Amino acid sequence: MRQATHILHVATRGRGLHEITEKVRLWSTASGIATGLLTLFIRHTSASLLVQENADPEVQRDLERFLARLVPDGDPLFEHMQEGPDDMPAHVRAALTQTQLSIPVVAGKLVLGTWQGLYLYEHRRRGTQREVALHLIGE
Amino acid sequence: MRQATHILHVATRGRGLHEITEKVRLWSTASGIATGLLTLFIRHTSASLLVQENADPEVQRDLERFLARLVPDGDPLFEHMQEGPDDMPAHVRAALTQTQLSIPVVAGKLVLGTWQGLYLYEHRRRGTQREVALHLIGE
Amino acid sequence: MRQATHILHVATRGRGLHEITEKVRLWSTASGIATGLLTLFIRHTSASLLVQENADPEVQRDLERFLARLVPDGDPLFEHMQEGPDDMPAHVRAALTQTQLSIPVVAGKLVLGTWQGLYLYEHRRRGTQREVALHLIGE
């Protein structure tokens, strides 16, 4: 049994879903671990992780529209506005989605379903540099 | 240290929570692993996983009513409607709940609390065949 | 490769975020495991786990205000009211946040970002005794 760790750097280009499936898959394959558990952990509280459909881009736009309506930028409910009208909504969106994902690896492959992609969800309007810690244990 | 993996097939009978606690527990026990970490990963983006109260069925009905109000079927906000009025709401519900759950195993048992059950949450109105990948590492 | 397990007892003082970062960090460090995966699992369905910003207390108050508006206590939508107007909202809040979190350990440290703290989110108005199962695997 052995482990591998890595920090994945993702430059986001603004609010929305940024697919990281291929980067994660390549790193996992390169580890040579055939059976194991892969964990992704995002080191931020205004961006998050999500497994979503990778087939129809409408799904991603609709999800973004839903969250924009549920947690509106500049909502007067929020006190924490010093870093901009999208800062507190970003924290709420992150709380409602995932900070961490673990995915089994079987026969050298992530067990993702046919239509599943791995996404970093940037919740701030301006893109920035994000870090996702990867950990893989298995053999 | 060793690992076990399995695909759990669940035939859902329509929208709502389908309990999988016993199936997961039986598989975990059969592995013979006394101390470890069990991971469930659902291979779909219109169904999800949830730990919820298994005592009072009202809790499950109330949760379903809440989600039906929060993410209404046929909401004109959504573009992605080709697969039916419940398709995009299913993706949103899945994003707001869990794709994956990991549960420690101690003394041969999942550390679930007294009132906790493991559920597959079907978000499409029509039931279908769902797959949950199980992974257990320990000794 | 080895494992460590523990039950963390947290006495909550009422609804809101209770930071557990230091308690978790101390236990992880004491295990002597330098590279591994730490998992937290809360054994309740009316409290949950969350990674959130630990810098500005406004963020935590705003998140609480958002959830109080999204899932109002005493909402007539809910049938399950025997245990009080905050009981069913607590289950919904738990479903929308996390029951479990896994965090990689690298060079003897949790890979939390600079502003990330680990929180137990108590969703009942009255505080109570809560249990978080900890599991660490690595070497």
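Lettered A, B and C in written order, each chain numbered from 1.
Just so it is clear, a contact is a pair of C-beta atoms (placed from the backbone, for glycine too) under 8 Å apart; a residue touches a chain by one contact, two chains touch by 3 or more.
All figures in this text were calculated on a predicted structure; none of them were measured in a lab.
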| item | value |
| --- | --- |
| Excluding chain A, groups that stay connected where the other chains sit | one piece |
| Numbering shared by both copies at the chain C-chain B contact, with half separating same from different | different |
| Gap in Å, rounded to a whole number, between the CA centres of chain C and chain B | 20 |
| Where chain A touches two or more other chains at once, by residue number | 1, 37, 70, 96, 98, 102, 137 |
| Contact set on chain C toward chain A in their complex | 1, 35-37, 50-53, 56, 58-59, 61-63, 65-66, 69-70, 96-98, 101-104, 106, 111-113, 115-116, 137-139 |
| Residue ranges of chain B touching chain A (in the complex, touch as defined) | 1, 3, 5, 37, 39, 41, 43-45, 70-71, 77-80, 88, 91-92, 94-96, 98-100, 102, 131, 133-135, 137 |
